[in-house]
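Take a look at the structures below.
In the two assemblies presented below, chain A is common to both, partnered first by chain B and then by chain C.
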Partner chain A sequence: MKSSRKLGLVMIAPAAIMIILFFLLPVVLTAVFSMTNMTTATGISGGVYQIAPNSLITLKSTMPDIAAELAEPRYAIDEAGLKAVEGLGLAPGIAAELRAKHAGEVFPTRREAERMIKDLAERPSTRDVKQISEQFNRSVVNTRFDSKEELFSALDTLGLKLTPEQKETVAQATYTGWTWTTDNFSRIASSPDMARVLLNTALYVALVLTLFNVGYALLLAIWTHYMPPTPASIFRGIWLLPRITPVVIYVMLWKWLAWDTGFISVLMGKFGYPPKNYLLDTAYHAWFFVVLINGFIGASMGMLVFSSAMKAIPKSQFYASEVDGASRWQQIRYIILPQMRWPILFVTCYQTLSLLASFNEILLATNGGPGNATEVWALSAYHTALRNYAGNLEYGLGAAMALVLVVIGVTLSLLYLRVFNYGTLVAKPLIED
Partner chain B sequence: MAERSQPSANYRNWPVLTALTIVSLPLLLMYVYLFLDTVTVKQPDALLPSGLTLNHWRFLWQTTAGKANIWQVTVNTLLFSACTTSLVLIVSSMAGYVLSRLNVPARGFFLAGVMVLHAFPSVTLIIAIFIVLQMIGLYNSLIGVILVKAAIDLPLGIWLMKGFYDTVPWEIEMAGVVDGASRFRVWRSLVLPQVKPGIMALGLFSFLSGWGEFILPQVLAPGNQVQVLSVYLAGFLADDNNYDFNMFKAVGLFYLMPVLIAYALFNKYLMNIYGGGSKG
Partner chain C sequence: MTILPTLKSLAVAAAILASTSAFALAKDVTINVWAGGTGPNDVYRLDAIEIAAQQLQRQAALKGEDLKITVEKKAYSGWDDFKQALTLAAEAKTAPNIVVSGHEDIAPWSQAGLIVPVEDYVDLDAWPLNGIYENLLQIASYNGTVYGIPQDAESRPMFFWKPYMKAIGYSDADLDALPQSVQDGKYTMKNLLEDAKKMQEKGLVQPGYGFYPRTSNGPDYWQFYTSFGGAMEENGKLVFDKAAMTRTYQFFADAVKAGVTKKNHIGMPGDQWWKEVATGKAGIWDGGTWHYARLVNQEGLKDFFANVIFTLIPAGEGGKANTLTHPLVYLLTAGHDKEDTDIAAQLITIASEPRINALHAVKSAHLGISEAESEVDFYSADRWTREATERLLPHANAMPNNSDFGKYWNIMWKNLEASWTGAKSVDAAVSDAESELKSTLGDKIVIR
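Let's look at the complex of A and B:
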């Protein structure tokens, strides 16, 4: 008993480790990322504090005075400025006197700073005053600070007296990294684009599922069921081709068929129609091909499941019905279809999940176009997070969209597990020693 | 397949054959022309070829400017699918045995988990793994993609192997255990040979699925050094400057050939998986 358990743990460990590391962890991380506003603009490792023009614009709406103050340059008599003045080659007394009398002082405007410089013992000329005051010009605009503390101490030395709350607001407005937020989910819930994509997804799954994965697959299975073995296996072989062909080649073949230099265009050209891109010219055409492309792949699995289920139907039932004079349609209606209930349910469940999650074919064929006509949820998540026309990849929003799919997938598969009576699947192991 | 109910005299086959041929026509056309177009010359507005040529296969001996070398890419693809396959086979043949035969804690939970995991959308994994790889700076390496791909295939593999182990009569193991062999030894030398069809099926499935995988390498390893054939081909199609559909098709056929050969040789094993026949 003991050794069996230990061996079991050892043998299952690699699978557990791999699944946790490369399967569950990414899903958990997706949930984490979905709670952030991570984009390429914020970066993925933490950010810095920068009083950039656009953060000043945000501040202006909440704290106009402070925003204005931040935008203005200040004149601080500090060591760096004093060193620079010494390097100007003016009378040495100027720098010395500034250091002795005014070090650490901050002047809110240029005029005040210059008045002070004019009053120095050396009486610099107006040209020199301008040159000197320039050395003390300290603007915080476009300066980067690695931490909040650095930002606040810089503001303090420039004489900007802020309350702690104001400081927090400034820090928030000037932070360039990502922050925690639930905005992604409210954006998903409220955006009309998302509603459109959701509708597309529902339409896509419903169409492909009913027309091809179940409907056409059943037709194929029944057709080949009544055929002599050789043509039956030939046709099954043909309909399995889309499934085994790598997706890139498979979609390329459809493009060859439907593009403006493709087969349909050339064929229609013989009848005098100008060539056009049948895949992308209208939304209806795009939908037509998207359903066909995915349907041709999906039909094969249903065909195989249904065929093997039909093979399991006792042949005596067919013979008996033939003796009774049943037509082929009556056989299908009263013998085959009633016994196909479970296979059909299984294929429906399984393929719903596959269709919800798959987007390779649409990505390669139409890339969601024309416009956003064939953009489905998974593809939209991919576009949002990893391949965006605007260039700003919204990792957080994309992760939130992916998480929605995860939730739907898990809910559905738990439901299916119930339907298929999970208990029988986990019957006790055969051997116990 | 031979023992199908034979159609009786009052059923005619030709209407069904015709209908099936018509609906299969698009597929037939595509695959026939895939082959034809790679070895023939065709005028732009013609439907039939006008001459033979090997020019479209020139990518085999000359590298297009700015593109990776085809042989390098092929080796990468082979490496990628072979590594994924071995990983999936080793790990799931062990885990499947445990779930089928041994009593480990949380066994039911694990089995249900495997079922549910199978329904996870791969886009979730891609986004998160992309961000993580960027964070730790391990972007653009083949190893990462191999591990992720293997992890995605694992649930199906474990479930399938469990189904195959379930059909092995337990007397075989009993005999081994009674003769004093350890459980591990029993598994390796007695049980594993019994599930050869399952290993073949899973191995082939895994290889084909790795060979055709597009989105993972595209996102996680797009660099020329680690490029695989699917990414190479997609890049070809997106490149408007060197647009040449016939050469593109030749690359496609080159890429498809191993799949067709494997399928022709082993399709009876593969049916076990594509038919969803993992019920055991």
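Let's look at the complex of A and C:
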């Protein structure tokens, strides 16, 4: 018994590893990222401490004297620097001339110090000039410190008398990396645009799901159910085409149809209507096309599931009902639909989740426009985390948005299972008791 | 007799050693260069590095070094994809050695440690870098450190279709004087909308084609904000000027209301826009100096100067005529061998020489980066580069290098698009932008 249990664990191990790596980990990482203010500017792997003029702006209001002192760049030709230059292994004349002519001088910027170095009799190469000037750098401006300890020891060598609290304040102001925060969620909760995007998402999922993925799919399945087998198969095959066409090409076809140089405009032009971009003309137009594009792709899956479920209904039930004089509508109402409960549950649940997360068709067709009218949650998360004209991608906020989507998805799944009474579906058949 | 094989093997060993010491002087380097926003007219952004590599190899040969540089080039036509790819590659430590990107990336990328200061590797006091316009070098700097070497300059003018301007009553003399009267603030945004309306009323252009601006997000829209008196940054802090932003949003809402700009203009296919402005379907539009190259080379507008006149972006209420320069810069990425980065820096330096840079400027209709370049006959003989440099560059602003500017930009753009399409009223868009800026940037932005 014991060994078989162990064997079971071994057998399940590959699946368990896959589940953890590819299903659980992304969600966990999303949750972790969502609690940070991570952006391109903060980096992903972590930050450093950099006393840059820009980071000192905030420090200026609380500690003006220290901020001014820190921002001071200095290049001092002192003995320590000269010793260091001697150790570089360059031509000996360089250090000697520096000591003889320039010892004790202080230069406010690196460029000025380097100009002096370039004027030495034995003119060093650009690379050596950089190396020499670095030996005289007596400021911490723009130096990157990997840890707080390095930063504090540099502050100490500068001769700044700072209390531990002041040091911590400096460290906080000069840290370039990301920090833990819950701000993303308060931004999501307080932004009027986020509320609008959420509403868009609800509308998108509801419309596509009810009109196409379930409604139209059911209609197609019933139609083909009553057709002779060969035309039914051809019909179903045609309905599969949008699903198997590459999305980019499929959306291009719609654009070709709806653009102001497209088919509809040309056709309407024959009747004297000026061409217009039907796809993006108004929010209503955009929604119309977004729902159609996604609906025609999504309807095929429900159609296949429902068709095969209908095939499983015993033929005798249809024959018996016909003998009783039942109409087609009565057959649909009293035979087909009651037995379609579980397929409908499955398709509704599955398609809700995939619609919640899907955005590629909308990205390609309207990119959320016009005026963010068709911006749905997943697209907005993508735009936030991975698209920015100015190159500053907001990973943290994007992750928080993705996490909200995960929570909505899980909640909805549980709700569906409850409404459709999943318990009875998986209950043991009575015959086995 | 046993000494012979020993000698033999010693000789072989010596030969191998000798050959490796000969190879020690040889160096094979592969330098990767990526460039964003790079179409067929902008290939010299990458090719200039290749030309520079040949020059550097020759220099090395004279010093007795056997240096072999292979340049691997990658051009991205768009910006979003490029920036996404570069950021993620840099985070994964697989970034190219040299990146050609907009100067506004310097702030976030340097803060994240993705790029290193170029001034650590080059001599800014030596030719050709000491000849680069000082303001361009400023734009390529952050925190007082020079991070990039300007690769080009440009500005973003307003274009007018000459025949239509004549048809609504402008004489040749009026048109010749137009750039100056825009510059003096006599011809304003208000006049622009009126002229666009006149063109439509006369049936010269279709409704919505009077004023035909850029169809997607881009630096152009900051010019309108400046035009209406807005400032982007002051003393290192970002600025959101509510009144100026309201006037900017209102301008586009008014243009839509007057029917001179399409409500659904944003997001229309780029190719269609190009074709339309090149064939006189649109009356007035804004764009970059580099549009000249595309209009003439790809879109078939042969007689540009007979058909198009260009000016600064006219002044709006509260502001002045302006244009924006958005130089691309050569940047050095972090995480490479110091020697390789040093070679990359030398290549950038050579590529910035006036003659080599002029190839890019003339082919792509961008502007030169140094005074010396405008003295190169090949450059100054080109009418477009000469006129655009003289007329626009002295009035050019730039966007700030601030690591939070991207967030500001997103919020500004989102609400501009919403008020443009009527999804929000202008007041609601400005107030939404304000509240989102407050919650996003806190005291890093001054709202006034």
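We adopt the following convention: the second predicted complex is superposed on the first by the 260 of 433 C-alpha atoms of A that agree within 3 Å, B and C clash if a C-alpha of one lies under 4 Å from a C-alpha of the other, contacts with A are read in each partner's own complex, and residues count from 1 in each chain.
Criterion: a residue touches a chain if its C-beta (ideal position, glycine included) is under 8 Å from a C-beta of that chain, and two chains touch if they have at least 3 such contacts.
For clarity, every value in this text was computed on a predicted model and none was experimentally measured.
S.K.: Looking at A:418 after the superposition, I want to know if it touches chain B, chain C, both of them or none. Which is it: first, second, both, neither?
M.R.: Neither chain B nor chain C is touched by A:418.
S.K.: Looking at the overlay, does A:263 come into contact with chain B only (first), chain C only (second), both, or neither?
M.R.: first
S.K.: Report for A:280: first if it touches chain B alone, second if chain C alone, otherwise both or neither.
M.R.: The answer is second: A:280 touches chain C but not chain B.
S.K.: Please indicate which partner A:123 is in contact with in the superposed arrangement: first for chain B, second for chain C, both, or neither.
M.R.: In the superposition, A:123 contacts neither chain B nor chain C.
S.K.: Does the superposition put A:83 against chain B (first), chain C (second), both, or neither?
M.R.: So A:83 meets neither chain B nor chain C here.
S.K.: Considering only the touch criterion stated at the top, classify A:101 as touching first (chain B), second (chain C), both, or neither.
M.R.: Neither partner.
S.K.: Report for A:48: first if it touches chain B alone, second if chain C alone, otherwise both or neither.
M.R.: Only chain C is touched by A:48; chain B is not.
S.K.: Is A:341 contacted by the first partner chain B, the second partner chain C, both or neither?
M.R.: neither
S.K.: Considering only touches as defined above, state whether A:39 meets chain B (first), chain C (second), both or neither.
M.R.: After superposing on A, A:39 lies in contact with chain C but is clear of chain B.
S.K.: If I apply the document's touch criterion, which positions on chain A are contacted by chain B in one structure and by chain C in the other?
M.R.: Of chain A, residues 44-45, 255, 261, 386 contact chain B in one complex and chain C in the other.
S.K.: In their shared complex, at which residues does chain A touch chain B?
M.R.: For this pair, the touching residues of chain A are 3-5, 7-9, 11-12, 14-16, 18-19, 21-23, 25-27, 29-30, 33, 38, 44-45, 220, 223-229, 231-233, 235, 237-249, 252-257, 261, 263, 266-267, 269-270, 292, 296, 300-301, 304-305, 307-308, 311, 315, 318-319, 322, 328, 346-347, 350, 353, 356-357, 359-360, 363-364, 378, 381-382, 385-386, 395, 398-399, 402-403, 405-406, 409-410, 412-414, 417, 422, 425-426, 428-433.
S.K.: Okay, in this complex, where on chain B does chain A touch?
M.R.: 1-5, 7-8, 11, 13, 16-17, 19-20, 24, 26-31, 33-34, 37, 44-47, 87, 90-92, 94-95, 97-105, 107-108, 110-112, 115-132, 134-135, 147-148, 150-152, 154-155, 158, 166, 170, 173-174, 177, 182-184, 187, 208, 211-215, 219, 229-230, 233-234, 237, 245, 248-249, 252, 255-256, 259-260, 263, 267, 270-271, 274-277
S.K.: What does chain A use to touch chain C in their complex?
M.R.: Within the complex, chain A contacts chain C at residues 39-45, 47-48, 50, 52-54, 57-58, 73, 110-111, 114-115, 118, 126-127, 129-130, 141-142, 144, 176, 186-187, 190-193, 255, 259-261, 274, 276-277, 280-283, 366-367, 369-373, 386-394.
S.K.: Within their complex, state which residues of chain C touch chain A.
M.R.: Going through chain C, the ones touching chain A are 79-80, 83-84, 86-87, 91, 101-102, 104-105, 107-109, 111-114, 117, 119-126, 142-145, 206-207, 217-218, 236-237, 262-264, 266-269, 272, 342, 402-407, 409-410, 413-414, 417-424, 432, 435-436, 439-440, 443-444.
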